[in-house]
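Letters are used for the chains, namely A, B and C, taken in the order the chains are written, and counting of residues starts over at 1 for each.
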Amino acid sequence: MTYTIEEIARALGFEVQGDAALTVSRAAEPGSAGPDDLALAMSPRYAEELGKGNARAAMVWPDADWQAMGLKAVILAPRPRMAMSGLTRMMDRGQGQSTGIHPSAVIDPSAELGEGVSVGPLAVISAGARIGAGSVIGPHCFIGWDVVLGENAVLREMVSIGARVRIGDRFMAQPGARIGNDGFSYVTPEVSGAENVRKTMGDQGDAKAQSWVRIHSLGAVRIGDDVEVGANATIDNGTIRDTVIGDGCKLDNLVHVGHNVRTGRDCLFAGQTGISGSVEIGNNVVLGGQTGVVDNIFIGDGAISAGGTKILSNVPAGRVLMGYPGVKMETQTEIYKAQRRLPRLMKDIAALKKAVSKLGVSE
Amino acid sequence: MTYTIEEIARALGFEVQGDAALTVSRAAEPGSAGPDDLALAMSPRYAEELGKGNARAAMVWPDADWQAMGLKAVILAPRPRMAMSGLTRMMDRGQGQSTGIHPSAVIDPSAELGEGVSVGPLAVISAGARIGAGSVIGPHCFIGWDVVLGENAVLREMVSIGARVRIGDRFMAQPGARIGNDGFSYVTPEVSGAENVRKTMGDQGDAKAQSWVRIHSLGAVRIGDDVEVGANATIDNGTIRDTVIGDGCKLDNLVHVGHNVRTGRDCLFAGQTGISGSVEIGNNVVLGGQTGVVDNIFIGDGAISAGGTKILSNVPAGRVLMGYPGVKMETQTEIYKAQRRLPRLMKDIAALKKAVSKLGVSE
Amino acid sequence: MTYTIEEIARALGFEVQGDAALTVSRAAEPGSAGPDDLALAMSPRYAEELGKGNARAAMVWPDADWQAMGLKAVILAPRPRMAMSGLTRMMDRGQGQSTGIHPSAVIDPSAELGEGVSVGPLAVISAGARIGAGSVIGPHCFIGWDVVLGENAVLREMVSIGARVRIGDRFMAQPGARIGNDGFSYVTPEVSGAENVRKTMGDQGDAKAQSWVRIHSLGAVRIGDDVEVGANATIDNGTIRDTVIGDGCKLDNLVHVGHNVRTGRDCLFAGQTGISGSVEIGNNVVLGGQTGVVDNIFIGDGAISAGGTKILSNVPAGRVLMGYPGVKMETQTEIYKAQRRLPRLMKDIAALKKAVSKLGVSE
């Protein structure tokens, strides 16, 4: 597919300078861009690489001296990453799934498919499921009993959605995402060592060894509009009520959301983050990769964690956390600095003790 | 489905007070319970929410003043979570899979299916596999060559079980669980830097860069009775003998169990826990979410780790661990407290040094 | 299958002593080896267990006194793990997939399959895909649009490879591996709190709450020769160019590789390691289990991280890291030791302060 610079700029709402009729067929990094590519050189650092490539057109920052860079046409992008969003949406060639229902798909007669739904090869749609208009169900997907999925969803291959899960519009799921798994919830007939440890912060007491008895999940998962779930991520059913993911939330690959968790809107959980059962999360919470959240706490609106943070207690709104256990990022930075000086500190203290003892004062 | 309060109480072995003939159709949280729900109000904290809902019946703690709560019938539950177990098992509507063999399933003629086995759409059962009576093989499941699966298993969708894996009775696997993957085991022709680092705790020596050569897995996985494996969890084959998971073990979502690991009975591994190769684990070991266990160590009976713990050395029976590296929870709590005071401590020591130097004593 | 000791030794290039015509049918650990097994007793510690079993033949270290161990034939292995590689490759019975194309597979007519390609039941191969000679596509696999996969690949069950991914020869993928997922990349219309936090190391500034806008992935994934990807691991597409995995890299189960990551050759990433977007990794880098790598940094050739390390800044070549944040392993070991003494240190300092104050010196 080919675009004029004019077409791209108009679609993104940006200004063109130079030859607006010049055509490009794809986006490229400046150093590897050819004459038919649109080089992405939205900062001086990237623009330096233009000399290694052969770009004639580029997307640049507003006051860039593009003629000096040897370009013939440019699009001026005021906020580079926002420009990337529009441009990549426009140029996305997708996964190439055919429209319509693939003959190998297994669709229960009681399932209702909206207008223009496409279903890939070997997908399974169970009894009572309802799929909104325009949704794309990828190859090998499984849609469970009585699932409700909104309009314009895009499910990549091998996504599974368990019974009674309800999902809003424009849902997007990467390969192997698992929605609606049974919650991980067990109990022992008598009080267990693990229960005692929670109360005492370390003491198992005299609890005896016992087998685990299962608590079944009667709830399912309820997901809002505009949610995206990453590859092989998992979201478990609630115990009595549904686990809830709010509008606009984005979950990365291998993220785990336990039973009964409830999130607000526009949260972002990066890769391999794990959220234990019954955590309440506000709006616009951002958790860095490999963040862990202990069960039964709350995280206030707009809280942010750095990658690897282990959150072990309630987090007030707006707090920025880091470390294990997670504390304020500024505090943690101070702690890290101090830790590195610890071995030296040890020596200082030994020396001080010696000096003070020389003074003949009993400590 | 509808139940009388009498029926539920009798099934759980609990006492009824009030109108035992009153019927309910589902369980609900007190604040959202309607007149046909059984509200779960097993502690005063939950009972407070009853006023927001319209429950007529509830499960409450033994000496609750239920008439004052406006209820007409109650079931008295001495240990709330145990009551949850029985009640949720009774009310679980399941995933709605039809009984029998779905015509789209691909079953090798040499596979043996016990009485009442049901196989979901597009499942594959390979040559020589044996499935015990009453087991449910979910949609898109894969059962490998010569696999033995016991009675009354429940496999949710897209579970895979590799060749020669043997599993006991009442096995439960969540979507995307992977049993019997090849172990992750490589060697370099000459000693590698990583091998030297292990010995020296940090020095690569003069090892040269080399490519990795694969060690194949000749063993498989052997799993006891009453085991549950979470969504997208992975259990690898052993190298020479089988990897072993004991009776009654419960593995949460995205848990990883490496090759040659051997666990005792009734262990519980929470979400995203990772166990490296050749670890020996006792009975009733509980690992909190995102626990990591280094290879070739042992963990004694009844040991417990808090979420996020990295276990880098042998753990005696009954030990409760926390932190990276994992140490006794009490010790770790002391360390955390001290860490937070570290920046201030630095200042104290600087001041002390100054004061002592003023005294004219050489440190 | 049965092998003479002679056959095995010749295949591995090792010396035989004793009865070279003796036959064995499998490898076994010394303590459980029967008369038809080859016991693996390559170190004195393992050889001790021979007495518990009934082995007649064993693989032992070069100067082992094997007659004294009651053996009739031995193979002398100079580097035990290398010997394991050859032996296990020889004895691997595989997963038992039939050759040829299973009739239930769904293969687009425009896909090109090389000579001897085998395709398992219910696999899907999309339009324009090209599969090299001798490759094995497992049951329930999905090969996307225009994918290029080299010769002699082995894909276990339920592997998915997205559109336009290109992979070299001898690729191996464990069950549920996901290659070519959309990258996790979002932007807010105006500067977000998370962006401010990165710049200020902790301060969100006055950024307001906003919804996330998606950046699509125009790139795919390019993988070299001799790469292995673990069960349920995920590798995301690049944004503009491809994500790149170099020749000979080995990724363990549940590893996550973000968009735009580029690795050199012969890297090894252990279980549950997570690499954020746009990280540049050299050759022969070894990351221990549950390592986390922050985005947009580089890791030099031959760097090594211990399990659980969180890498938050650039890593020079050859560096050995440990901890959160990852620092030199020697330094971290010192820090750990000092941490354990922290609670005592606190008391020492309090005592010193008191002593100095007694001296009447203003600190």
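To be clear about the criterion, a contact is a pair of C-beta atoms (placed from the backbone, for glycine too) under 8 Å apart; a residue touches a chain by one contact, two chains touch by 3 or more.
Chain labels with UniProt names: A, B, C = UDP-3-O-acylglucosamine N-acyltransferase.
Please read all numbers here as calculations on a predicted model, not as lab measurements.
Enquirer: Mind checking subunit A against subunit B and telling me if their interface is mostly the same residue numbers on each side, over half, or mostly different?
Expert: Mostly different residues: under half of the interface numbers shared.
Enquirer: Degrees of rotation, nearest 5, to put the Cα trace of subunit A on subunit C?
Expert: 120
Enquirer: Using Cα averages as centroids, what's the distance between subunit A and subunit B in whole Å?
Expert: Once rounded, the distance between the two centres reads 23 Å.
Enquirer: Can you tell me which residues of subunit B touch two or more of the remaining chains?
Expert: 122, 140, 158, 176, 232, 254, 272, 290, 324, 339, 342, 345, 349, 352, 356, 359
Enquirer: Touching residues of subunit C toward subunit B in the complex: what are they?
Expert: Touch residues, subunit C against subunit B: 26-29, 32, 40, 79, 81-82, 84-85, 88-89, 91-96, 102, 104, 120-122, 139-140, 156-158, 172, 174-176, 226, 228, 230-232, 248, 250, 252-254, 265-266, 268, 270-272, 283-284, 286, 289-290, 301-302, 304, 307-308, 318, 320, 323-324, 328-330, 333, 336, 339-340, 342-343, 345-346, 349, 352-353, 356, 359, 361-363.
Enquirer: What part of subunit C is in contact with subunit A in the complex they form?
Expert: 106, 122, 124, 126-128, 140, 142, 144-146, 158, 160, 162-164, 176, 178, 181-182, 184, 186-187, 189-190, 193-194, 197, 201-204, 209-218, 232, 234, 236, 239-241, 254, 256, 258, 272, 274, 276, 290, 292, 294, 310, 312, 324-325, 327, 331, 334-335, 337-339, 341-342, 345, 348-349, 351-352, 354-356, 358-359
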